[in-house]
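The same chain A turns up in both complexes below, where it pairs with chain B and then with chain C.
Showing the complex of A and B:
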């Protein structure tokens, strides 16, 4: 006879089996394969050679790898603060009980569900230096036209703008949910005490929103580290590797240069960074952040 | 830990199975006894795919043993990537179109069926009817691996309206880079948004440029990279000067095409096959001139050939050969060329009344044939996509970032490691 605890145990395993099978097939096995291939020299057509950690050594000695890491970090630095700051402002504005406010909530979420590939093509036209709309706007304000995607540094700014546009809606909705879980009576009490609007935002909203903000920040960092589609469509990593973010660098090495071993090593490196951020989320997400 | 060991073992076993290759077969041109369906993968989009699909339809209707399916696989690079993946999965199509410079890894890893034995066995097929400058593009280690489909060379497209506006005679096109510089300067003087020439770093264009200045990307045996040679540094320096002087614009891709169509570019080198594009997209008076500027008259062979893949059955290969023969026969070459502007590769097709009529009525089609004697084949080294990226990146840095041509020394040593 099974006791209650054992039955619970079996039940539990049965419940997590379906997702576990899916995770195993699509995540754990490919991860294991990537780790294995990262120790091989393999160009797809030839047979594999075991080379130990040579791929990792080559990676850390490669200037292109460090360039990609730098570009990825710049992309993260460019997208994370702006997209979260903007999302916070928009969330506070959308957190009103006005008639028809849900229309604006839907509007702000639209970019999130738009296909990135399609959006990137449209942005490519907007960024076009001669006939593009963005340069037209600049000229209205009397500013000189920019080269956008044709310049090494401006191209990164351009893809950062697209990244922000794409993610700000997602961040807004999460922050909005966080805002709505703050009890109204804190504000009522503050109002009775004569606090100003700004004081309420600083002393009530921001502290009580910190757990949600932290979550959004980590998710945004991870999403920014994984940026790929907009780069493929808009710049192909160029000009002169100016937007060659790590996932694109990895893709190019794997599927254009057919250096599977080396690309897997880069993939493992990228995985490690993202994993560290996930751990941070787990560890500090619970402790350091203020819950009501 | 045990689990991990198991997974690793599993992978090792699979990889052992993968590595089994396929041997050479001798060809016998027997008749097919059972119906066969074969696929041909191609990279020609938009208006270029329609004539090809027409030929496939005609072929399927002409007999009942073989059904050919044409599959569009995206651009040249995408097709190559997909083909490689299909080949590794042991399910390649039997025929595929590959761009001139993307064949290296397939040849190096013995993934293609040489066509010699089919040609020898087939009495109705005369390889001597093909232009030898064109078939050299599909010849590696003295063996013919593919037959031409969309072959082109880069020609110089001229905006004749801009020539006139700048006080130039549009019939007097430049024949050297110095002349090109002077012509481009006069055109760019028309205004700040007008450029004398549009340059860009597409592999086959810069390969032509290097040859014209007397340089080559590799030594004869493809064992050493020579992009840091005096000649190539001079070539890059010359283009950089044109951009610095404001007479050339360095712009590739879609934005480049947009510029060509909007009439702000005096000259641009593009594929023979772009004649159809110019006819559709351009409203100004345009002309075509040879792109044999420079000390050496040289243009690279562009476009693609159709290759036969290994890991397919003898029946499929036989069916593929029959289709290949049909696709490249005189009549279909004429049909293809008339509808696309690409070159015919058979002498009999070139001399046909249809093609002769076009060449006489519109001499712009002639230029590419005339300069064919100066055509050279693209390099077929295995790591070409990565090497091309290194060269293109160096070029962009030199022209746009103001770096010295001496960064080519670093590029050459990076490339040497890949050879």
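Showing the complex of A and C:
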């Protein structure tokens, strides 16, 4: 006869067996395998050939790799401040709003739940140089039309705009939840002391919101480093590798050129950057909370 | 004195009005792409190519929808997507709730360690492990099957975490009463915990459905035949084909988007609160 403790042990482990199996096969082992393949020369058809760190050396000597890293960093720099800044402004406005807050919350969130592939197709139409809506808007303000997706630099700006559009709603909802957790009496006390609205935002809202802001910023950086679908649908990394972000570079090397070893080295590199940001979030995320 | 008060009140009324109008304006700007998507899907070619662009079609034209439903087997893609997304949502609810229940209520050896290892899986981006997973699936002959689209996603750390938080709020008295009545754990989970946790289970199911419906990278890599295609990949394939026009493309995009938006309108409250509480996934 089993005692209570033994039954608990058996049942506990039984209940967590399905995720344990799935995570082992599709996450834990693959992490090791990715590292292993990154040390091989392999094109799927040939047998594997151990080459040590040659793939990493090749990567750091490749101009295309540095281009992709630069494009990814520019994409991060383009998306993060604007989408966090906009989200902060909209969240503060929503927090003051008396009516229709739930309606606005829903409408702001629609891009987040929409498929990126569908959105990217629609944006492609809007960015169309001859018939697109964006050039029409520019012309209304008397500005010359842009080439958008047909130009190396403008294409990057175009995918950045799409990236901001897609995530600003998510950032807003998280920041709004942070705002709503700030106790009302702080503002009431400040009001009694005669503080202006701007002073309250600067001295109460922003400091008390810093941990949530830090959280959404890190999440936004990670999401931006992983941008893929909009690139595949809108630009395929072009023109002239102007939007060839790291995940797309990795995908092309793996599944178009079948350079599995090299692509795995890029994957490990990408993982390292993302992991650093994740650790930052874990290390500083909680400590920066200014309120209890 | 009263006069001053009234003045102050009307000033704050005007400020509130300005705020609402501004918010409405922001919301409209953010949703402009949806207006264009839907309107273009009903346009005739001359409207599509008109400059300045026309938001309102001059005539309603259904050719785009007819084209993708008849010439392209879009119905098949749609059914594939629904099947895969529903399977994932259902299995995630069941398997994640079992694990969450164990983490919340059963004292077993190694519980905390395993829990943190599970949480750690959320830190690993799919991009990094996609090559080994592709190799695994090709070795067991699952490439281009429903298995490839479903099995890796039948359970997830995020769902386990969310449900565990919810189950922990169920009072211990209830657990003890069930034990005294000789109720088995599985029965307790299905007859007592499930009815109490409807909102949480619904949220998990919805997240799962939504992220499966919208997923792109994984199906792009593990499927290639027409029979296994899901909507998101079909959009990309349509866009690459020569005989496609903006009307059909936006019609396809509308079909890929509208079901999700409709579901979202019904359940948005739970959904948005779930995000605000966990803040873990977007």
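We take it that the second predicted complex is superposed on the first by the 264 of 292 C-alpha atoms of A that agree within 3 Å, B and C clash if a C-alpha of one lies under 4 Å from a C-alpha of the other, contacts with A are read in each partner's own complex, and residues count from 1 in each chain.
In this section, a contact is a pair of C-beta atoms (placed from the backbone, for glycine too) under 8 Å apart; a residue touches a chain by one contact, two chains touch by 3 or more.
The structure displayed is predicted, hence computed values, not measured ones.
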{"item": "Partner chain in contact with A:46 - chain B first, chain C second, else both or neither", "value": "first"}
{"item": "Touching partner for A:61 - first (chain B), second (chain C), both, neither", "value": "neither"}
{"item": "Which superposed partner A:2 touches (first chain B, second chain C, both, neither)", "value": "neither"}
{"item": "Contacts of A:131 with chain B and chain C, given as first, second, both or neither", "value": "both"}
{"item": "Chain B versus chain C as contact partner of A:192, first or second or both or neither", "value": "neither"}
{"item": "Which superposed partner A:239 touches (first chain B, second chain C, both, neither)", "value": "first"}
{"item": "First (chain B), second (chain C), both or neither touched by A:256", "value": "first"}
{"item": "Contacts of A:102 with chain B and chain C, given as first, second, both or neither", "value": "second"}
{"item": "Contact breadth on chain A, by residue count: chain C or chain B", "value": "C"}
{"item": "Partner chain in contact with A:150 - chain B first, chain C second, else both or neither", "value": "first"}
{"item": "Chain B and chain C footprints on chain A, overlapping residues", "value": "29, 33, 124, 130-131, 255"}
{"item": "Complex interface listing, chain A residues touching chain C", "value": "8-9, 11-13, 15-16, 18-20, 22-23, 25-31, 33-34, 37, 90, 93-94, 96-100, 102, 104-119, 121-126, 130-133, 136, 139, 165, 167-170, 173-174, 176-177, 212, 215, 219, 222-223, 226, 228-229, 232-233, 247, 250-251, 254-255, 260, 263-264, 267-268, 270-271, 274-275, 278"}
{"item": "Chain B to chain A touching residues, read off their complex", "value": "4, 7-8, 11, 15, 18-19, 77, 81, 84-85, 87-88, 105-106, 108-109, 111, 193, 251, 254-255, 258-259, 262, 264, 382-383, 385-386, 389, 393, 396-397, 400-401"}
{"item": "Residues on chain A engaged by chain B in the complex (per definition of touch)", "value": "29, 32-33, 36, 43-48, 124, 128-131, 149-152, 238-241, 252, 255-259"}
{"item": "Chain C - residues contacting chain A, complex", "value": "16, 19-20, 22-24, 26-27, 30-34, 36-37, 40, 48-53, 95-96, 98-99, 101-103, 106-109, 111, 114, 118, 121, 123-125, 127-136, 151-152, 154-157, 160, 185, 210, 213-214, 216-217, 220-221, 231-233, 235-236, 239, 246, 249-250, 252-254, 256-257, 260-261, 264-265, 268-269, 272, 275-277, 279, 282"}
